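Dropping the structures in below, format is structure tokens.
Below are two complexes that have chain A in common, paired first with chain B and then with chain C.
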Partner chain A sequence: MRLLFLPENHVLPLARLLAARYRFWGPAAKGGAFVFEEIADVSRLRLDYSTTLLPPKQAFLPPREILARIDIETHECRSPARPGKPIALFGVHPCDLHGLAHLDLAMGEPPADAPYWRARKDAFIVGLACVQRCMPESFCDSVESHRAGGPFDWMFTPVAGGYVVELRGEAGEREASESGLFEVAGESWKKNYDETRDRIEKTFSGRRLNLASLSSDLERSFQDGWWEKLADRCFSCGACTAVCPTCVCFDVQDEIAEGCRMAERCRSWDSCLIRNFAEVAGGENFRKLRSERLRHRMMRQGAYLAGRFGLPVFCVGCGRCPHACLGKISPLEAFEHSRKFPIRRYAQRLVEHIKNGVTRHE
Partner chain B sequence: MKKLRIAFYSFTSCEGCQLSLLECEDQILDIVGAVEIVRFREASSFKGGEFDADADVSFIEGSISTAHDEAALQTVRMRSKKIVAFGACADLGGVNAIRNRQDAEVVKERVYGKYVKWIHTSAVRPVSAVVHVDYALHGCPVDKDELARFLFGLVAGRRWAEPVAPVCFECKLRQNVCIFHKGGTCLGPIVRGGCRAICPAYGSGCDGCRGLAPDPNLPLMRRILRDHGLGPDEIGRRLDLFNASAVPDAMRRELTGRA
Partner chain C sequence: MSDAAGSAVDYLPELSTLAAVRPLTAAESLFHLDMPHRALGHHPGQFVQVSLPGIGEAPISIASSPTRPAGFDLCIRRAGNVTEAIHRLKPGAKIGIRGPFGRGVPIDDCMGRNVVIIAGGLGLAPLRSLIQYITDHRSRFKAVTILIGARTPETLLFPDEYGAWRSRDIKVEVTVDVSKETWLGHVGVITNLISRIDVDPDTTVSIVCGPPIMYRFVLRKLARRNLQNDHIYLSLERRMKCGMGKCGHCQINGLYVCLEGPVFRYDRIAHLPEAL
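For the complex of A and B:
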């Protein structure tokens, strides 16, 4: 691990250098909160941000994008070119770095998602350690994503007078040496760095989760009547998935444009909480009930995708969904509850179902 | 190819939804290139009869509040292949329906004063209460981009996809700070989206101009509104702005907590 030091007053010059070479994204203030967005004037950068309304995922997977434009007369089809320069994400908190790692897994599964990787491939990612909890609802520490991880090229950790920066990979080394703005991290910085890291561990020592058994706990609680009770607090509004750094589901619709001369194939974020998400031809709906949709989402975050990619959990505890949810539903609550579903009741349910000739829903 | 003949008719309304078509500024040439507009009083110098055109698709703006409206609408239905309830008044009854919850004579008196004996009105109804409706474009006013998409889709023969997600979903995509987090109140969680959460984006809570979303969680909305200081009467009034007659009584009770 190579560490360098970046004095506080070199941050903006560094951001300016990156902004010249990359499409520069960072946290900025908006309407009393913060958003991750493309920033032209780097002085708008707010590294003191708490968390952002939407995660930085939108840099690579925009809420709405046109995948192809088809001329209805000539049938000529074109994918709109992404702007030439690669993206730099500056100041990504640990949970969102982990979120990007999860996203990379989901979008990398063959066949890899071409538009995502076109934007993601050459991106330069700068992480920023959290020294305090961003909001009461976050539980990054419960799922162990409060530490640096995921796909960063630089990781900034705030220390007195600036940042200790961990460099990773060729791009990280190259950009650092070309900038000429970093200093060698001396002994006192290293000490300061270790102290900060210790402090982070102390600050983030919240409820630890049943990570080792989470997915089996959740799957076992599938039949639990508790999901229906939980759904009394759900609107099926989809706000939770919209703000989630690890949600990838999208819908593809063809739209007619320009006086019916062009057809546009658009993809936009979708949500498994929305009523018609699992509706198929003929009007059949695999998850008609609100409780089924809510349960599906929690299973997705704690069991399905985690299992598929060999991870303990697919939620990074960023706290955005419990913050956004007006029913105050948190995955933490669901994950913790799943452990409580007693084996005895599970066995009872199973017997009932076998008796009734119904096989258990996997 | 024969162009699709479309007509715009207006009943009890402010005519703001028709205006949305004119506001399609950068798309308007594409639109008139794709369809033939056969009736559109708000933007034409045509002097002929008003309800006597044959159309493929008629856009009905406004709610139905007189016997004359009703007869005219029936004529339009007979001469149109498809009918679109165009905007909140036509779709829900809208603002006009507020008076359905008050004494009709008192309301008339208040509005028309000494001319009241000349005025013959009925209860305010959405278009679907009088004739069969094929499509609805929601909103007060309708969203002009949705309108353009709808029109192009019609011409191309595509199936129209009704927006299903409540307002909150688009509100998040737009990165608004939730009105509840700013100390206000909002009906967005139970209201049909498609408006790109324009009201929260400009700082005011949703009033439900697009009608209720499918399968809304009304008891939860009631609890949350109550926790933010709205009692049954206030919730009722909030609902009445656009949905005074659009929500079945049982659902209204669930939301307000009162009959």
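For the complex of A and C:
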């Protein structure tokens, strides 16, 4: 692991250098909140941001994008080229770095998704460590995504007077040396760095889930009536999936464009919470109940996708979905409940046995 | 990462030409398509994404066997936007194709065994691919039985082909839910036919495709005939958008029907609460 030091006043010059070579995305203030967006004027960059409304996922999987253009006369079709330079994401918090890693897995499983990888390929990613909790709803420490991880080229950790930067890979080394803005990390910086990292571990030492059993706990709780109770607070609005850094589900629609000469195949974010998400011709709906849809999302985040990719959990605990949800529904609530489920069931059975005059342990 | 980027797949339809249309029932027709640049290269039970520019895409099973050269068949029911529009096309029209997608029927597991094919309604469309394959390689299979159920005699699919199938030493039994006096065949649900056939549990495999409601009854009946779950294959339908395990629409619990299905060995999904 190679560490360098970047003085505070070198941050903007560095951002300007990157903005010349990449389409530059970063956190900026907008309408009383923070957003992660493409920014032309890098002085808008706000590395002191808490969290953004939407995760940086939209850089590679935009809310709406054209997958193909088809000539209606000749049927000739092509996918749109990537618009120019690759993307640089600057200042990505650890939860969102992990989120990007999970997106890469979902969109990279064969057959890999070409439109995603056109945007993702050659992207330069700069992580930024969190030294304090961004909002009460976040639970990154519960799912252990509060530490640096995922696909970063540089990882910034704030220390007195600037940032200690961990470099990774060929692109990370190259961009650092070509910029000429980094300094060799001296002993005092390293000490400061270790202290900051200790502080991070202390700050994020809140709840911990039993990640080793999470997916089996969840699958065991599948038939629990508790999901219906939880769904009483859900409005099937789909806000939770829209703000999620690891949700990828989408819809595809073909549309007429350019005065009826061309057709466009568009994809847009979809949500497994929306009523007709699993409906087929003939009217059959495979997740008709709101509780079935809510449970499905929690299962995806805690069991299905995690199992598919050999991870303990797919949710990164960013807290955006409970923050955005009218009913304040949090995956943490579901994950923690699933752990209690077998115990509750056992207690229930015990009560039944006692009622029947039998006190037998099973 | 670079691997994924290198072998990534786009959502571009390939051009095919509608060569012929054969009306089958009031709602279903058989469309024969030619791909100019390649053979489709499918396995029985797989599906393609069929599209018309500006109208949309729909997943449709391939209704003909890869053993038949020159093009492929799709049996399409009018059900909405895309399927209605396809029904309005004349021969010579262009149709977009992506695929083939999914896992079809594992032919190797059927070879050298008795095969019982159970088709309800439109379920005969994907199974016709397997049936044609069997008729083209008849000696590789032991006793073959096809059980077909439809609502009425008028909605039976491919009745003009049963004779040819029978002539290849295949037993074809047909039943309808309701009929007029002119119908001389069986009346009643398809499960009744299962009671009437010989099933040797050790050497028989069964492949089932039909409307969602059919599976539970058929499976119960097959269990009563002592057929083990790992000798039963089910072809399942779900909503589909991408066909590539990405859009999430087709999921049954943690499985993607477009990748791991649509044909599943029953013992591999029997424990999934969302499967049937």
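Simple rule for what comes next: the second predicted complex is superposed on the first by the 342 of 362 C-alpha atoms of A that agree within 3 Å, B and C clash if a C-alpha of one lies under 4 Å from a C-alpha of the other, contacts with A are read in each partner's own complex, and residues count from 1 in each chain.
The working rule: a contact is a pair of C-beta atoms (placed from the backbone, for glycine too) under 8 Å apart; a residue touches a chain by one contact, two chains touch by 3 or more.
Just so it is clear, the model here is predicted, and its values are computed rather than measured.
The larger set of touched chain A residues comes from C, when the choice is between chain B and chain C.
In the overlay built on the shared chain, the residue A:P111 is in contact with chain C alone; chain B does not reach it. In the superposition on chain A, contact of A:Q253 is made with both chain B and chain C.
Residue contacts after overlaying the shared chain place A:H75 against chain C, while chain B stays out of touching range. Touch criterion not met for A:L3: it reaches neither chain B nor chain C. Of the two partner chains placed by superposition, only chain C is touched by A:C272; chain B is not. Once the two complexes are laid over each other on the shared chain, residue contacts for A:Y304 go to chain C alone; chain B is not touched. For the contact definition in use here, the residues of chain A common to its chain B contact set and its chain C contact set are 72, 253-256, 263.
Chain B contributes residues 27, 29-31, 33-34, 149, 152-153, 155-156, 158, 161, 164-166, 168-169, 171-173, 175-178, 180, 182, 188-190, 213-217, 219-221, 224 to its touches with chain A in the complex.
Taken in their complex, chain A has these residues touching chain B: 30-33, 35, 53-54, 63-64, 72, 232-239, 242-243, 253-261, 263, 269, 271, 274-276, 290, 324, 326-327.
Across the interface of their complex, chain A is touched by residues 1-5, 7-13, 15, 51-57, 77, 79-80, 83, 94, 96, 211-212, 237-239, 241-242, 244-249, 251-254, 273-274 of chain C.
By the touch criterion given at the top, residues 67-68, 70-72, 75, 77-79, 104, 106-118, 120-121, 151, 222-223, 248-256, 263-265, 267, 270, 272, 277-282, 284, 286-287, 296, 299-300, 303-305, 307-308 of chain A touch chain C in their complex.
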